[in-house]
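The first chain written gets the first letter, and so on, giving A, B, C, D, E and F; residue counts start at 1 in each chain.
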């Protein structure tokens, strides 16, 4: 099985973190291909950057999805998730979506931890867009710098881990979270290290997405031929990459 | 990997249907153990029978879950699902829950088809208990007899299939369902036969539950040590089977 | 009028508390019959025990409801409430349900106080299952031992009362509760003692259930002949008490 | 026990219908006092008339509530219900509120039938204001004239009854209502005549309100001393009746 | 353009504050007419007073709306808003409604600040009656006296301003409000003075209502001829002012 | 006042329709600038095309918003609305958002009519993303071709108008819509022609957006300095237009 991991932002270190997290949960023999955005935001930290990154996600899947069995969006806002599902014939899973769906089998309510004070509302909106708002115990945001999140020197990493742990504990103690989802590709990679110190399951969205994508490949569900997720077929776009133009233009 | 399939009602033919559906979706090498209730309702067709069957589910998992890697509830009301999660240290998945969670990755709204006019509200309540009511396009109920559902002579099976197909199409056309979940162990087994004739994915809860259970085994999420799903530990019960008494009584 | 009070757990002291609370609110001349579970959990403190107790409730009403005018479930999770409504021809009222319905006439939002940290989510789920979640101001849980709740020596009772009062005040001050429902048969019996010290109405579920059951007897509403609450009629169950087998098996 | 029945519109025939319905459900020995508005709308058939009738309700309770044990609002929009609860020291119950609360013990979802095409949204809003919208199966409106509703000659009454029955059946068959609430004082009085011909309980709001008011009198819940329903105390109003001025002005 | 500003309570200082706030946001050349209630509550501080004030609002618009282009309700509970919309042929806007609708274009969630501890639930109910509850970040209430709110001597005004500012900041910091609506005619007039010291937009309901009313006048939307907001036409009322009797009585 | 009208798709005829609709509702003296996407989808008819168009909207506002007083998104999915609000210092209004907000002042529930069977769910999601789902009476979709919608020869236009009218009437009669929002830039331009034949207000999103944008300019609300809508400031993007790179990169 070949899985495509898509990171639409331009930071290779994030792609690396996604790939490492995916590898630790993929079934033996799974081939993993991780790709990084070619244009758009360096890091997604606002709705504006997320809006821009939607083009980036489409551009990446147009080029790299052919030949893969499933796609995992390695971006915690699940950017362009349903758009990809319209365009592609293979399962597509978002990392936050997957964390919520898998988490729903171990916890009645899930806390979501992310970085960046202004990001809290965006994750609330994302969870509500999945109609899963009632399963959300709460959202907690940290204020770490991008440098702290990705590529901190080893001596600084422990402080970052402690901050993440403290945030997760807040969700458990203040909000009654029965599991905690680490939203953010970099943060998700800390799950294994922190799990022993937290009394509830820590959900790593990448790992959940890989496991769920593999499950969906096994289910062999066909595509809908009607409805809002069915193939669009034969749509005209201009001024974008040839691969994306072709993907939009192919017949349904 | 060894999966326990639990059918709390007393009808062996339903257990057989669950086992067959599970086998068609389980990963190669998976060992499947399917067990049938020892007391309780012949068929679950009301809240009263479902209430009674909760004891039956607990009784079965107390006896058969040891040594298994995960449990799949092969009863479409997901009877005693969260109760099992409190008592057992392995993943437990309900077939309707799994159908909804897997279906959420291919459809924005899911239709649910079941048998028995009085059962519609029960499935609505079940879906709402998962806080997934907004993802439910609608519920359609058929009025087939138990004999038609399980063990119809071959010449009568086609009429049953047509009735199920008509119900599924109603969900697509009237309610805008983008996938249809066949709720009911017997009905779920018709998914493969009917899929080619329906324009949206047909979700077989057993298959989804097997796939999801396997994904969860791979994720190796620990149990919560706090909260409503954490092990109860050391609880006293009387007048039930020794295995169930022991399961309640073991320390957390 | 003859009311059946059902306590499905095995603790006689809880039955006694329910009976005492019922007596203080029943109309003059009401005959009260209080029964205790014959098998199942000593105390209900988890979903697993509540699942098991559903059988116990059905077993008790099958044996004792004949000849009564209404049933009050003296268990604060309202165990098997709608199942009983399917099986019986007389009004059935749950104590938490009744507390919420009566409370809705004196408070826009109600706080719910119960014992046991892990029980909070179960009561939230219960209230939401009644679609009354918006009327819930909040849930507060105490961490008293069963021994403290039932049968504490007199010198220890005052500390328990103070803890309950503090919890109720938290609901008023932190959550804006305009009434407080004491969930738990033992706790409900403290309402009269604490009311003078709380600035909002204290709802004793047993008292509310008795009052509401009597009101329903007076209304003489017929049973539905269609829909999910109508009599099931002629259902086969095995391996349970003769009375319960007969109750399931009688014609609609 | 003495109950005040308040009809804020100016139509004595409606008051008479409310009184008759109340009498058929009141406990033996209950004294019933029914009063009619002194100013305001002849009939309430719009939000504007309902807005005006709020003054009328307050005016009536200011004059007539003293000496009573509880108040029943005999107006199906439950006009000024919570306002009365702020002002009065005795239980106040609205007829539609009571129909919903009592109905919630016999039906998972309730249909509401009323007269006047433009009234449907008002009842939806009312039910939602009680946060009971999820229990509402649907709303059906008839288009009978006021003359048909109240005071039709005997030969015309049967046609009215048939129209009401047809509306109720629509709620059962189309919307899955498990009980039907007749909203409207005149319509409520038809419940006894129509019940034998409907397969689900018919809820007469006046009867439910009388039963619930009596239950609340028995519960002896104190008034809140804090919060939005607590006595306002010492409020200045001008240009209204002396009784109402006094009611607003009395100390808390 | 001529706008009618309606203050149904009897406090001229509130009318003056509404008029001043309106003037600062009205387009050049707008004629503003501000009227004060002739009977009813001195100040609206409870549901009972708000119920009474509905008559007052209707009385004022019956007399003063003729010849105006739009009506702004200068009362922060938007008293009788939809009733006015049924009766009048010109746009009617409530100040809290307008604050929420305009605020929805600058903030994902809005905090609401008002005065009077018991008023919090009333504003929650009002926002929910608009189905905008999900946009409400939270409600904060102050406990200033009417004297402090209106007509405080200059040396005391600063303390009032500081209290309002502190309340607004609580909504931002505790509840994540991205804008703050000052609910209450007197409080709204403090928006300009406080805005520089708050990091999110301060919404003055009167200003928003004036701007929105002017926008609606420009849109020239016709009245509905069917549905719950269409003209009632030819309704009989008694015992109220001739102007109001005529307004109810005119043909649709 | 200078308003920017943004059409991110590549069809000039749509831009022309938006401009015409805007002109008919803009205040005298308003300068209108209408711009068309430079890359992306010819027409937006799926989530995939809408995802791509987000880049297009950002690109257009980066180039054209400087010097304008407000932006109106002339695309009925309100593409990149909140992203623009983060990036720009002037009011930004979406046409469907504006139709809903203005419509909320004349109708309790609004029907939404659009073209393309697969588009219904997208508009539902959009309305729910504004937390206005409860105000939505229903969604109706037509199946007209793009050629019919834009640029039909005159003899064919009448058939299109009749189809739109029939769809609008369905929303009124089937769903109880009290106003109908024409979603789609081309469809919106038909509002004036159809209004006389529909018994409820027809909402043209462009006209509403222009009116609302002008109201917001008059309100002079400051930008938030904290929260998810505050300026991002100093963000790095690559591979996009210089204007957009500069817009992201400017300091907060």
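Note that contacts are C-beta pairs under 8 Å (C-beta built on N, C-alpha and C of every residue); 3 or more make two chains touch, one makes a residue touch a chain.
Heads up on the chains, UniProt names are A, B, C, D, E, F = Asp/Glu/hydantoin racemase.
None of the values given here were measured: they were computed from a predicted structure.
**Q** Keeping to the contact definition above, tell me which chains border both subunit C and subunit F.
**A** A, B, D, E
**Q** Report back the single chain whose CA centre is most distant from the CA centre of subunit A.
**A** D
**Q** Could you please state the distance in Å, as a whole number, between where the Cα atoms of subunit C are centred and where those of subunit D are centred?
**A** For subunit C versus subunit D, the centre distance works out to 28 Å.
**Q** When the centre of a chain is set as the mean of its C-alpha atoms, what distance in Å lies between subunit D and subunit F?
**A** The answer is 44 Å.
**Q** How many angstrom between the C-alpha centroids of subunit E and subunit B?
**A** 53
**Q** Return the residues of subunit D touching two or more other chains; collapse runs of consecutive numbers into ranges.
**A** Residue numbers touching two or more other chains: 82, 108, 120-121, 125, 176, 178, 226-228, 230.
**Q** For this structure, give each pair of chains that are touching.
**A** Chains touch in the following pairs: A-B, A-C, A-E, A-F, B-C, B-D, B-F, C-D, C-E, D-E, D-F, E-F.
**Q** Going by the contact rule at the top, pick out the subunit B residues touching subunit A in the complex.
**A** 25, 27, 82, 85, 91-93, 97, 101-102, 104-108, 130-135, 172, 176-179, 195, 199-201, 203, 207-208, 211-212, 214-216, 218-219, 221-230
**Q** Name, in rising order, each residue of subunit E that touches subunit C in their complex.
**A** Against subunit C, the touching part of subunit E is residues 120-121, 125.
**Q** Which positions of subunit A touch subunit C when the two form their complex?
**A** Those in contact with subunit C are residues 108-109, 176, 178.
**Q** Using the touch definition from the top, list the residues of subunit A that touch subunit F in their complex.
**A** Contacts found on subunit A: 10, 38-43, 45-52, 54-55, 57-58, 80, 82-84, 86-87, 117-122, 125, 128-129, 226-228, 230, 232, 235-240, 244, 248.
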